[in-house]
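Submitted below is the structure of interest, expressed as C-alpha cells.
Lettered A, B and C in written order, each chain numbered from 1.
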Amino acid sequence: MVDTALADAKAPVATGTKLQNLNARMTSTSWVPWLYLAPTLILLGVFTYWPLIQTAYLSLVEWNLNPGQTADFVGLSNYGRVAGGTLFQSAFVNTLIYIAASIPLKVLLPIPVAMFLWSLGGKGHFYRAILFLPTLISFVVVGVAFMWILNPILGYAKQYAAMIGIHMPNLLASPGSAIWVIIGISSWKVLGFNVLLYLAGLASINRDYIEAMRMDGAGDGTIFFRLIWPLLTPTLMFVLISTVIFTMQQVFTPIDLMTQGGPSNSTTNLFYMVYQYSFVTFDVGGGAAGTMMLFAFLMLMVFIQLRVLDKRVQYKQ
Amino acid sequence: MASIQFSGIAKDFGDTKVVCDFNLEIADGEFVVLVGPSGCGKTTSLRMLAGLEKPTSGRILLNGVDITHVPSKSRELAMVFQSYALYPHMSVEENIGFSLSLKKMPRAEIQRQVAAAAERLEIDHLLARKPRELSGGQRQRVAVARSIVRQPQAFLFDEPLSNLDAKLRHSARIEIRKLQQQLGTTTVYVTHDQIEAMTMADRIVVMEGGRIRQVGTPMQLYMNPNCVFVASFLGAPPTNCIKGEVRHADGDVLFTAPGLSVRLASHVTDGPATLGIRPESLMPRTDNAHHLHLEGVVRFVEALGAETLIDLGLSSKAGSEAVSEVTARLPGHHLLSAGQVLPLSIDRTSLRLFDKSGDVIEGGIAGAPR
Amino acid sequence: MQLSRPWTVVGHIVLLLICISILMPMVIVLSTAFKPMNEVYAVALVPQHPTLDNFGRLFQNTAFGWYIWNTAGTTVLRVVGQLIIGVLAAYAFARFHFRGRDTLFTLVIGAMMIPQVLTMLPIYIMMAQLGWFDTWWALIIPNLATPIAVFLLRQHIMSFPSELMDAAEMDGAGHWTALWRVIVPNLGPALAALTIIIFIESWNEYFWPLLVTESPKSRTIQIGLREFLQEGMSDYGALMAGIIVASIPAVAVFLFFQRRVMDTFVSSGLKG
C-alpha cells in the first residue's frame, strides 16, 4: 500500500538533457546581493551621505532657499559671520553646559541604578517597566506636561512648593534656571533607557565568573572594579558617545516648545542656532556653515572621548 | 540510472588542501560509505557532490552529465544532515512537503506523497507536530522522509546517526539500509564510525588527510588492507600494529620485534616495518607447525562474556625491557590473571606486513600464499 | 550578584524615588485631563466631577483626528517599509560574499551615528524641489533606511545554523524563497523589537515633521500638539487630553510586542 505512491519513485526521469541545459548556463550570482542591498544603499546614499557633501557645499554660498535666486559663492565668509555673531557665543557655551551636565546625569547615574536592578534579578521587573515608560512617550508630550506642571501661575509644582512654604519662581523665565529645567527634563526622559542599555551590557556578564571570584574570597568592591567595570566599559563608551552626539538634538524639542532658545539666549545651543539660521531666517549659507562647525565640534568631542577612555582602559589592564 | 563519478576532484581552503585527487565511480543503486577520522575530507567531498561547496578542480558527473557547475537545487540530490536541519517553524508535514511545494505541486498531491513517505518511516502520527516536540530519533526520520519524498537521483547522508544514542544507532542503521534496498536509490553515506561503514556499505571508501586510501567491499578492506591506516581503522578492537625490523640473517629474511620473529618472503627488503595482527586471529596454543607461535605476559583482561579481550606484552626471552603490546580476542570466557604467561598461536595467512611508509608488502609472509 | 542588606535598602529607596518622579508627572497629566474646566487649577489629584469634555474639545477645536490619521498612516508605512528593506539588506550582508562587503556594512552602520543636524538642509531642499512639502512622502521616504534594523537582523540571520540554509538549498529554494519562507518566519523576536523601535521613533518624531508639514494634510500629532500649545495656551485640560491621546498608541504597541522583546534583551542576567 505504501509503495503505490513511491512505486513511481524509481522510474528515472530522463535528466540527461535537463542537466545539460542547465550546465550550459553559467550561474553567475555576483549581482544578486546588490539587488538586495539596492534600496538601503540608494536611500542612505541619497538621504544621508550625499547631503553631507551638499551641506559642505552650501556652507560656501549665500542663498535664501528661493529657487528664483541664485546661490552666490562666497567662500568662507559665512563661517566668519556666524562665528562672529552674538548668538554663536551663547550657543557654544550652552552646548558645553548641556554636554557637561548630561554626563553625570545620563551616563553615570544610570550605572548604579542598573547595577542595583541587576542584583535584583527577576524581582526588578516592576522598576524596569516604570523606568522604561518615559522612553515611550515623545518629547513633546514630556515638554507639554512639564510646562503644565511648572506653570508659574497655578502649576502643580508651584502649589506643592507653596504647601511646604517655598516660593517657586518662574523657572522658565529666568536665564539662570531655564537651562537647568531643560537639562532636567531631558535627563528625566532618557534615564530609563540608558539604564536598560547598561542592563543589557551587564546581562552579558556570566554570573559564573562572579561566583568564582567569591569562592576565591573577593569582596563586592573587588568584584566590581576587577570584573564588572572592565566588562562594562564598552557599554559606557557607547552611552557616552551617543549622549554627546545626540544630546543637542534631544533638547531641541523642549527648547522649541518651551523657551525658543531664550530667555536671553540662555537655553539655545548650536543645533537650535543652526535651525534658526536655516529655517527661521532662511539664511542657508549661514545655516550650513553653522552645521559644518557643529560637525567639527562633534568630531572633536568624539575624538577626545576615545582618547581619554583609551587611556583609562589601559590603566585598568 | 544514477551513477556518480568523481574525476580529479580537489578542494583547497586558502592554503590548506582539504581534498586531493579524489577519483571515484559509484554505480547505480550502490550504497557507498565514505569513512575516516575527522578532517579527512569526507564531508567536504559529500558537500561538493551536493553542490554546497565548489571544487577547486576536477569534475563531478551524474549519469554521465557534468554537474560540476550546476547549482544544488537543480541536481536532484537529497541530503540528510547531521543535525537534521528541520525547519523549526514548520510542522513535520510542511517540512517533508517543502520541496514539493516549491515545485508548485497541487496541494492534494503533496499531501498524498508526504503521507506515503511518512508512513514508510512510521511517523505518520507526527505530521502535525513541530520539530522541537520530537525526539532525536523522530527528527531523524523526518529528515529521511524529507529526502525520500523528492525522489532524488541519489541520497546523501552526512553522519546522520552521530546525534543518536548507541542503542538507537543500531536500529537506525538497519532501517536506513533496509529502506535503501527497498528503494534501490544510489546512496553516498559519510561517517566516522567504522561499524556503520562495515555493516551498511556495498563498498567502503576509506579517507585520510584528504585522500582516498582504499576502496573496496567491507570484507575486501578488512581482509586485505593496503596500508596500516586502513588495517587499524576498520575493526574493533583495532589491528595490532607492531613496529619492528626486517633483517637478512643466515639466508633468511626475518621480521623481528620484541617477543616476535617471523620468517618473511625473500623479496622483502631490509629496514623498519610494521606487522599487523588482528586480535581475533590469535588463538590459544595449537600444535600446528605452520602456525606462528608466541607467548606473552597478561597485562589486563576484559571479560565480555561472549569473548575475552586480553592485553599482552611480548618480550624477548633475554628479559630486555622492550615489549610488543598486543591485544588478543579469544572467544568465550577465559579465566586469566595479570602476570600470567599465555601461549598463543596464529595462522600465518592472517598476518600482514607493512613497510615503513605504511603500505602493505604483498606476499610478505613466508609460507603464506596470496 | 547579591548586595548586602543595607545597600539593598538604599537601592530600593533610591529606585522608589526615581519611580515616583517618573510617575508623578504622569499622574498629574492624567488627573488634569479628566477634570472639568473649573477644576483644572485645583491641587487635588482626583477630579470631583470626572469628565470627558476635554477630549471632546480636543477633537472639535483642532484637526486632531487628521493628525492621528497622518501619524498612524505614515508610521505604519514606515514600519513596514523599513522592515522589508532592512530584511533584504541584512540578508545580503549575512549570506553573500562579495567585494567590499565589510566596508559597505561599516558605512551602513556608520550612518546611524550621523545626527540629523548634518543632513537636514539638503534634504529639506530636496523635498522642496520634489514638491513633497506637506505630503506623506516627505515623512516616509527619507526615513526608510534603518541601519539599526540591518544590524540587528544581520546578527540574527548569521546565527542561523548553516545546515538549515543548506537544507533549504537542497530542497530547491533559491535565495528569495529561502529568505521569505525559511528565515523571516524565524525572525519573530527581532522583528518585534524593531517594530517597537521604529514605531516609537516615527510616532514621536518632532524635528523633521516640524520642517516639512504645514497643514492638517500631513501634520503629525506631535506638531499638532505644538500648534495647539501655541494657540490654545490656556486650555490645559484639552492639552493634557491631547498628550494622553498622543501617547496611547506607543504604549499599546509596546505592550503588545514587549513579551517577545524585553525578556530577550535582558533576561540572560536573570538566571542567577
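As a working rule, a residue touches a chain if its C-beta (ideal position, glycine included) is under 8 Å from a C-beta of that chain, and two chains touch if they have at least 3 such contacts.
What you see is a predicted model; the values in this text were computed from it and never measured.
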{"item": "Contacts common to chain A and chain B (chain labels)", "value": "C"}
{"item": "Top-ranked pair of chains - ranking by C-beta pairs in contact", "value": "A-C"}
{"item": "Cα-centroid distance, chain B relative to chain C, in whole angstrom", "value": "58"}
{"item": "Intercentroid distance (Cα basis), chain C paired with chain A, Å", "value": "14"}
{"item": "Complex interface listing, chain B residues touching chain C", "value": "47, 50-52, 72-73, 77-79, 81-83, 85-90, 98-99, 102-103, 146, 150"}
{"item": "Residue ranges of chain C touching chain B (in the complex, touch as defined)", "value": "161, 163-164, 166-174, 177, 181-182, 185-186"}
{"item": "Footprint of chain C on chain A - complex, ascending", "value": "29-30, 32-34, 36-37, 39-41, 43-44, 47-52, 54-55, 58, 65, 67, 112-113, 116-119, 121-122, 127-128, 130-142, 144-149, 151, 154, 156, 159-160, 163, 188, 191-192, 196, 199-200, 202-205, 207, 210, 220, 223, 228, 241-242, 245-246, 248-249, 252-253, 256-257, 271, 274, 278-279, 284, 287-288, 291, 294-295, 298"}
{"item": "Of all residues in chain C, those that touch chain A in their complex", "value": "1-4, 8, 11, 14-15, 18-19, 21-23, 25-26, 28-29, 32, 41, 43, 85-86, 88-89, 91-93, 96, 98, 101, 104, 107-108, 111, 113-126, 128-129, 141-145, 147, 150, 175, 200, 203-207, 210-211, 222, 225-226, 229, 236, 239-240, 242-243, 246-247, 250-251, 254, 262, 265-272"}
